[in-house]
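You will see chain A twice below: alongside chain B first, and alongside chain C after that.
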Partner chain A sequence: MLSIQKLRIAAISTAVIAFAATGGSALAQKKYDTGATDTEIKIGNIMPYSGPASAYGMIGKTEEAYFKMVNDSGGINGRKVTFISYDDAYSPPKAVEQARKLVESDEVLLVFNPLGTPSNSAIQKYLNAKKVPQLFVATGATKWNDPKDFPWTMGWQPSYQSEGQIYAKFLLKEKPDAKIAVLYQNDDFGKDYLKGIKDGLGAKAATMLIAEESYEVSEPTVDSHIVKLKSLNPDVVISITTPKFAAQTIKKIAELSWKPLQIVANVSSSIGSVMKPAGFEAAQDVLSANYGKDASDEQWKNDPGMKKWAAFVDKYLPDANRIDSNLVYGYGAAQTLHKVLEMCGNDLTRANVMKQAASLKDFTTDTLLPGVKINTSATDFAPISSLQMMRFKGEKWELFGDIISADATAN
Partner chain B sequence: MSALQEIVDVTPVEATPKKYIALGGYASVAVLVLLIAAPLFAKNFIIFQMTMWLIYAIAVLALNILTGGSGQFSLGQSAFYAVGAYTSAILMEHFNVNYALTLPIAGVICFAFGYVFGQPALRLSGVYLALATFALATAMPQLLKLGYFEHWTGGVQGLVVTKPDAPFGLPMSQDMWLYYFTLVISIMIYVFSVNLLKSRSGRAMMAIRDNEIAASAMGVDVALYKTLAFGISAGITGVAGGLGAIAVQFVAPDSYTIQLAIALFLGMVVGGVGWLPGSLAGSAFIVFVPNIAESVSKGLSGAVFGAILIVIIFVLPHGARQIAYLSQHWINKLIHK
Partner chain C sequence: MELLTNQILAGIATGAIYACMALAVVMIYQAIDHLNFAQGEMAMFSTFIAWQLMQWGVPYWWAFLATLALSFAGGVIIERALFKPLANAPILTHVAGFIALFAIINSVAGLTWDFTIKQFPTPFGSSPFLGSQLISTHQAGMIGVTLVLLLLLYFFFQFTRVGLAMRAAATLPESARLVGINTSWMVALGWGMAAAIGSIAGMLIAPVVFLEPNMMGGVLIYGFAAAVLGGLTSPFGAVVGGFLVGIFENLAGTYIPGVGNELKLPIALALIITVLVVKPNGLFGRAIVKRV
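Moving on to the complex of A and B:
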């Protein structure tokens, strides 16, 4: 039988524990900005569901499905995510209108993964003036990594310039006497890459770079450009092209029985939408670089991360085209935001969202290559900045060499 | 008394009664009061949308003068809009010119551009002219991307424009100030346009529209008035472009594609060709209906927009003008019962 003394001690210690427990939660005060409550987190998004870039709309649909999955499994720290996505048709004035609608009418906590360099440029100043996070923008332009002037804007994928620099570094090391020809798309994407390559080559750019050929995205084919490049007889061709043109380039070069060293930009490294249409025969030994896994690549079939991704697609996007790389992209970006919101805990203020987004340490999503880590800091707003070189062999990419980091700073 | 003298003595019938191109007195006042009062009860975001509505209305009005007034087609209005927008943006950002002063400059430059473009375009008519202007619209975004101009235009990255504050310390938000500023300019342009079409020049343009040969037989300098119409239309579009750049705070080549030209054309048809107040209705259509279509279905927003458009063209082939006439008819009936 317990003595009264002992009972008293037990009662006191229980009280102390109970107090500590309640006191603890009282200390971690709940703080909210517009767009977050005890039960809900509102996230805004802008995508080109219509217009010339509508293929990217799949990214928005994937993200919507991802947060539906999050909600079905209990939400983030007990809060459901409301994902509001609007169409800007890839038009900057429309993007401004939609961003204002999200911030002033729907009152979202943050704007996540809006797509396209022109649209993001258009809304950047507005969102920064309003102090609304413009988080993980879906464009590879270099200018998003500028925490000093735009503390509310952050990129996600590696910048085009840093990828261009990686190719230049590779060539300087492996083929220092190469004569390089560059075929590039005449827009911000193409020009950013070209700048990266030139920066990477440094003083040797003048002698190594023998041709810069540009094409317009409205041209039906790039065949004539390839024929012209062949006449200049370079031994390296860097193809800074979007998927359709990348496939044409690889195919035409093979048709001409020409065998230069070929490098294709990461955006066009999809097996399903580039290598297969170009013909596996023609695509042998083509080089590229990547940071994420390719869903159409057999080597990831038993990868635990990609298995999770596949289960997600089966359940939430059953009608989607699985070889569409946008499904992998959207999943990875959404998972990064999921992590940031988890880290925010009960302090869902806009300032804390940016603070947590800038404190990611060695985070990795299910879809990133092994070894590619997401790292950010108060002065580094470029979450993914490393890539690995790869070579096309048989029907898949073979990764080789080290993970190369190229933190290009904004200028 | 000679037969000629007899004709001259008869009081001339107004060639183009005002009601065919403008609203009546009461209706004008009612619309104006609504336009002035509305922003007092709206959120900033709605005010911004209304500003864009007015700006596109100016651009639609400009096309209306060209097509409804002089009977020429243009699918190249986006090019003039772009030139106006870039003129304002470059003057504001590179030369620190006051935003209000950039608008007349944008107008003059676009007038000159339209006038010069109108010279060769004169030799074409109907669909051929539409194609020539179409070429201008498709070429414009690429011209703006040219490396040669990049220092000024910002190339593919575009230019960010600073939004003006309300002057004299007026207690209103930037959006509200910009709305009233746009409204004043819209009214000025509207009054100018109505008077233009009622003037000798306007009658000359309409004569060309109705029958070019007859007009030239009457002594109208067809070439001059056609290019003049082009120039004026381009100039007004340029002012709209400049206002658009200030309101959106950003210019980039991708903002001014052929899509914009087609949207303006749509706005004119929906509003009623040749009826100037219809520009407001047409502009409302191109600003708000895409949002309605999107809320119906995200994946099929284009199809929904198309369906709405077909229904409108089918039910109201003369656009908003038809509604205005019908309601006027009913109101008169009610009053005179």
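Moving on to the complex of A and C:
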């Protein structure tokens, strides 16, 4: 017995020493999973290049161009990035098919910034089962911040719920006896925001929230909903709408000569594609919140970060529409992945990619507002979670107040 | 009570959008005896052409006329190039053709002008109409244009030789050929006119819903519902149908508690089915009797 125990101990200690030895040398050596070699890192991506959400396809094109720029300047730690992007037409079954293709046939190291809540929901289980990072997904749903159940999935932008909470906190402070009407898109996007607003208002939701009006994306206009809301006489209108409907809402409210305090969701705060079409006059004093810089906003003309962005667009996307906010979004997301891959050094395993992605400390991209920082940890898979309130004045947004962190307001 | 009148007025305003589109639907149905699923996308494309001309500095009305002419030519060309070779093909082939056209036009527009929404000017202004804040001068103008179009179409189909010939060519092609009507060119003419009417609809709708490649998606379904309700053979019915669908949709959204808003689109679809089952010719359509 004794001798067997001794043998065991000896065996274990040898194993430990051997492990420590190889482990130690592995730090100096290079470690790879499928999709990474001495010369190449393969990144997969899924975008709706066709179909109803094809406007977002520009994000994929921007990211592709970004990594072309990275390659032209020597790659990441000496490795060239191969960016493989497929079209899912915003259709979840197609997204699953493309995710399988990326993992099993192209053998990518990770799937980066796939777009859309439905598509990401469809591929989440598969990628987690395969232990392939589903990194920085391009959707604001709240459920991506769930490291316990889905350790291979991570969001990027602030969640819709936390943005909703920030508006609620703002109203509780500035207009505690407001009568609030919410116009929301009848899908996960709209309902997530609405939940955030209700959570943020807490017990006062019952008295402050006087109307919740939903519309369908298939409706040509939301005019009739605005007419209905006006008849209820609220003094605050929160418009949880996608760009076209946001512009219609702002325009219709102005046409009715109605002057409630208006808040529009961040996804619809683009100057070029919402405020200008709605009419600058109609859009005066509308409120929103943001975490990134708007390329069509003159105040960033001499901003060093946005100058770098502009130089990038000039060289790599010369034909792109510069007021398209997707160009800024794609650049920021790609820059975050660039940082994570740099941090990975020569340990390009999938586990290390997730580990480094969860170790971002006060990182900021060229496109984030001053003061907005990316922070992640093993328990916090929500990279960007702060926003700043802004008010539309003249032809641009004026930021006001402090950077509000939703991390602090959550729960 | 105020809410009711407001919703009816708002319904008439949106109804004008549907009515415009329904007119184009009736036009093409009169010419080819089918519904063209790409009708909305063709109208959207025409509107983009008008927008592009205005971006180049062409004044509104010249751009308007140029777009009408270009759309007419475009409609004729599409028929000559794509559907004339399919003239004797089964209806399913046509449907596949319409859907292909839909996807192609949508993607080409997106590729050329991208997907961000664009402001489209209105010749009527957007101040309140006659002191009513619910209908803007643009919407009143739109209703006016729809009615004028309706009158023109009515006279065209009832009293002009070409109009009568076109109806004959669509309903009884064989007999029409025997009395010396060039049915093939009648069909092309119908495509051209439908495209031109669609372009007017597009240019009137765009200031309200904003210009973008997917702007006609919902509108076309409501336009179909309006045309079916009014009767696919009757321009008058299409316009009345448009207003009815607009009002009906708003009232259902406002007064059916809880689910009203979610039912808005299903209501349009339910309307199509109900009309087809109960009164297949619509409210004002002619009953078509086929000799067996």
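We take it that the second predicted complex is superposed on the first by the 380 of 411 C-alpha atoms of A that agree within 3 Å, B and C clash if a C-alpha of one lies under 4 Å from a C-alpha of the other, contacts with A are read in each partner's own complex, and residues count from 1 in each chain.
In this text, a residue touches a chain if its C-beta (ideal position, glycine included) is under 8 Å from a C-beta of that chain, and two chains touch if they have at least 3 such contacts.
It should be emphasised that the depicted structure is a prediction, and the values quoted were computed from it without experimental measurement.
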| item | value |
| --- | --- |
| Touched partner set for A:P118, first chain B, second chain C, both or neither | first |
| Partner chain in contact with A:K228 - chain B first, chain C second, else both or neither | second |
| Touched partner set for A:E219, first chain B, second chain C, both or neither | second |
| Partner chain in contact with A:Q248 - chain B first, chain C second, else both or neither | second |
| First, second, both or neither for A:D380, with chain B first and chain C second | neither |
| Partner chain(s) touched by A:N186 [first = chain B, second = chain C, both, neither] | both |
| Touching partner for A:S273 - first (chain B), second (chain C), both, neither | second |
| Which superposed partner A:A55 touches (first chain B, second chain C, both, neither) | second |
| Which superposed partner A:E40 touches (first chain B, second chain C, both, neither) | neither |
| Chain C-contacting residues of chain A that also contact chain B | 50, 186, 216 |
| Chain B - residues contacting chain A, complex | 43-46, 48-49, 52, 142, 145, 155-158, 160, 244, 248-250, 252-255, 257, 259, 290, 294, 298-299, 301-302 |
| Chain A - residues contacting chain B, complex | 49-51, 57, 85-87, 89-94, 96-97, 100-101, 103-105, 117-118, 121-122, 124-126, 141, 143, 186-188, 191, 216 |
| Of all residues in chain A, those that touch chain C in their complex | 50, 52, 54-55, 58, 186, 213-216, 218-221, 223-225, 227-228, 231, 243-244, 247-248, 255-257, 270, 272-274, 276-277, 279, 321, 323-324 |
| Chain A partner contacts - residues on chain C that touch it in the complex | 2-3, 6-7, 10-11, 13-14, 17, 107, 110, 114-119, 126, 128, 133-134, 136, 205, 208-210, 212, 214-215, 217-219, 221-222, 249-250, 253-254, 261-262, 264-265 |
